[in-house]
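Each of the two complexes below includes chain A, the first together with chain B, the second together with chain C.
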Partner chain A sequence: MNFTLYDYAMSGNCYKIRLFASILDVEYERIAVEFYPAAEHKSYKMLQLSRAGTLPILKSGDMILSETSAMLFWMAQKFDSFENWWPAKRGADLNALILQWMDFSSQLSKTVGRARLNALFQTPVDLDKAIEGARRALRQIESHLTEQSFDDKKFLVSDKPTIADIACFPYVALSPDVGANLGLEHDGYPAIQSWLYSIKSLDGFIPMPGIYPMHDLKADETDFAGNRPATGKVG
Partner chain B sequence: MNAIEQAMQYWYPIGMLGDLQRSETRKTRLLGMDIELKTEQSGLISVFHQKKPWNTKSAYGHIWTSPSKMPKPLFDVPEAGDHERRFVPCGSVRVRCSPLRAVENFLDVAHFPFVHTDILGAEPHTEVEPYSVNIDETKDEVIATKVKFYQPQAAKSASDGIVTDYVYRVPSPMNALLYKTCPNRDDVQDVIAIFVQPLDEETCDVWPWMALYDDQSTMAEMIEFQQLIFLQDRSVLENQIPIKLPLDPKMEIPTRADLTSVAYRRWLKKHGAIYGAMVSSTDDAWVAAQ
Partner chain C sequence: MVSFAVGLTKNLPDGRVMRSFVENHDLVIWRSVSGQLSCWLNRCPHRGMRLSHGFVRGEALACVYHGWHYGKDTACRYIPAHPDLDPPGTIKTMAFRSFDKGGIIWVNIDNKKDEPIIPNNLLSVRSLEFRCPLEMVEAEIPEFEYHSAKKGLLNLKIKKQGFGKWIIEILGQGLYMHLFLHKLPSQKCAIHALSNDNVSSEQRKDMSRLLEHLRYVSEAKYKVLAA
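Right after this comes the complex of A and B.
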């Protein structure tokens, strides 16, 4: 097996890794961790594996990763032999922009992600601050994607998707889960809507609760966690 | 008896037994009232509203309370005494919808292929075959039987698609149970319930609970499966308009597949269980939604 993912099906951060693995058609071992209600990720056993006390955790041999940006980078290096997703040879500017949007994705987790956990499970958070931050983040990504569209670019940094798109996609797509009439639905964000469609159209796209496939996409061959069956191929 | 007085006669779940800490007080809400759930150092659990104690009991993995001094008896779940089963409380999920809408959605099979795609249903297997719905007069429960549906992954423990048989029970307005084919054994049925805590008429905390025959899956896997299903429902529930459940048949037109829902709505109306419901098509909120 290429790696082990300690995973929670309802987590947008975990979904980044499941989604990218599906797109790259990479097999991995999945271990379900009871994030809620037991907070198993904070248990002694899990803290021994990763001091960060967060999910997901990616383990490959002796290497343990707890940050999703690092995981996406590692997966791109390891399994994407065409270098589409981390196009190292396309120059410093492009790569720096990818890193910038990967950093931005942590803003989305801290705002949309935390507000959503509060809406679902009443996880404590400064809700007003999280919602205001979420709105600001959506507006920022909307105006950036609008500018990209003037250059015929459908994705965050390029005309092709990169790991920056995978990093930002889940919590932008999940923002309506926070609740109605909070300014976090996608209706007012046409550029975001079209970007979400572009990602949902990618080969290997899988859904998660709150993120639905497009109707014309084949939704077959996924199990309950959205994983596609192993094909035996490894990148 | 008005809507809230009627609703106050029942028991409601307000916490999960395994989740409470000693010497801890939690604040929550029930039927629009602020309440405190106190756990003493000794493990004794009590519930207060405006410093006055309410009845409490523990059952089916949860703490239940009632504002009434003489609540109706809590419904019986005989399977809760079967120790071959694994009991799986799943925590609660908050939903901005009427508590009655949450129950009604639980009773519906027609949405499986569209909302729980490739798990509890799949296209083109979308037809709901005729089934029976009755009121059990002795227990005063809504019962739907002979419900059959093709399911690609009926439970965490299922390895292939199967035609699943369902029986549904609504023993009180805000609680419902289903009995479904156990993927591993053909002589018994798994039990899945939702216990709904109405915070007010338009918001609820839903506490799923299961009693399963499954010796393969970890607790984390079983809980995750149920949470995943319920979060898919949540997206739909939060977008239903109007938020309250309409009880006038003129307001939402049912089809043959909605027989359980029709019986449930009639039964609610008969009992005056209208907390979270919209009774008449002249209701302002209904007119505004048109």
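Right after this comes the complex of A and C.
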């Protein structure tokens, strides 16, 4: 096995690693940890493994990682021999921008992520502050993606996806889970919608609860003319 | 009744779905794979699910809940749970007149012919949602000032073209922007903005930031009023 992932299905942070592993077509061992309600990630046994007491945890040999940006970087270095996802040779500016959006993804976890945990599990949080921060983060990413589109770039730092897109994708995609009429649904964010569509269209894309696959991309249905398909089956 | 600007043509490519509102009607607006635009009530006749959560299959819109397919004439064409059934013609949703003109998607809720006047050579800037009422933005626009990071205080010539329609000209730069204000429920609104077509990417970014500043100022004033 290439690595072991201590994982929770509902976590957007764990999903980053599952998604990137699927896109890179990398096999790994997955160990489910009961985040809610057992808080197993705070158990003695899990704290022995990672002092951070958070999920996911990535273990490869003696190496233990608890920050998703580091995991995505490690996976890109290790499994992406074409250097598409961390294009080291494309210059300092591009790499710094990738790191900047990787850092930004932790803002998304702290705002969208925490407000969503409150909506799902009543986890205590300063909800107004989290929602305000979430909205500010979505607006920032919307305005940035709008400007990218003026330069015909579909993704956060380049015309191709990088690990920055993987890092920011989950909590932007999950923001409607926080609740209606908070400015966190995707209706008012056309550039975000288009970006989510581009990421969902990638080879190897997998869903998670709250992030659905694109039904509309199934090529076998595109000749459907508004009448019942001859096969009688719609995916 | 006039036609309402509900979005930018650029933001709804073929095969995609969006949600919008006109006069508190919750609407689904979608474009078939062949490019035909439709605007319906945003409610699946089956279980009331928002059709804007649905997806386009060829020339039909499918509801995400149980996959019922509706053709461009609004009639249900296919029910996946009953693949051999010809759905009765009574299962249909309600359509409104919708069309693209000048880079804007227009909806006309009383279905009367009304051709909005708009030049046809404009370039999309962006749609931007504001968390304050439309009237707040209408009051702000004539007073609006903008300091560009690179060019300092811009010399703006602001002209009202009718209710919710403005032209902001940036003097000395050969730039002008058409703004279409769009009332949304819950004290919100949006601006759909286009510019003249011979502009650089940098100039579009400048205009996009100008709109963000207009939002910042309008929302800040609204916050003070609401407090």
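Following the convention adopted for this analysis, the second predicted complex is superposed on the first by the 215 of 235 C-alpha atoms of A that agree within 3 Å, B and C clash if a C-alpha of one lies under 4 Å from a C-alpha of the other, contacts with A are read in each partner's own complex, and residues count from 1 in each chain.
Throughout what follows, contacts are C-beta pairs under 8 Å (C-beta built on N, C-alpha and C of every residue); 3 or more make two chains touch, one makes a residue touch a chain.
Please read these numbers as outputs of a predicted model, since none were measured by experiment.
Visitor: Which partner does A:179 contact after superposing on A: first (chain B), second (chain C), both, neither?
Guide: After superposing on A, A:179 lies in contact with chain B but is clear of chain C.
Visitor: Report for A:194: first if it touches chain B alone, second if chain C alone, otherwise both or neither.
Guide: second
Visitor: Would you check which partner chain A:120 touches, where first means chain B only, second means chain C only, and both and neither mean what they say?
Guide: A:120: touches chain B, not chain C.
Visitor: Between chain B and chain C, whom does A:48 touch in the aligned arrangement: first, second, both, or neither?
Guide: It touches nothing on chain B or chain C.
Visitor: Classify the contacts of A:40 with the two partner chains as first (chain B alone), second (chain C alone), both, or neither.
Guide: First partner only, chain B.
Visitor: Contact-wise, after the overlay, does A:81 reach chain B, chain C, both or neither (first, second, both, neither)?
Guide: In the superposition, A:81 touches no partner, neither chain B nor chain C.
Visitor: Counting contacts the way the document defines them, which residues of chain A are shared by the two interfaces, the one with chain B and the one with chain C?
Guide: In the superposed arrangement, which is not itself an observed complex, chain A uses residues 212, 221-225 for both chain B and chain C.
Visitor: Along chain C, where are the residues that touch chain A in the complex?
Guide: Against chain A, the touching part of chain C is residues 7-8, 11, 15-16, 18-20, 33, 52, 55-60, 62, 64, 67, 69, 71-72, 77-78, 80, 83-84, 86, 126-127, 129, 131, 186, 190, 201, 204-205, 208-209, 212.
Visitor: What part of chain A is in contact with chain B in the complex they form?
Guide: It is residues 8-10, 32-34, 36-38, 40, 119-122, 176-177, 179-180, 207, 209-210, 212-213, 219-225 of chain A that touch chain B.
Visitor: Within the complex, which stretch of chain B touches chain A?
Guide: 16, 19, 89-94, 96, 117-119, 122, 153, 156, 218-221, 223-225, 227-228, 231-232, 234-235, 238-239
Visitor: Which residues of chain A touch chain C once you look at their complex with the stated criterion?
Guide: Those residues of chain A that touch chain C are 143, 146-147, 150-151, 181, 183, 187-191, 193-194, 197, 212, 214-216, 221-229, 232-234.
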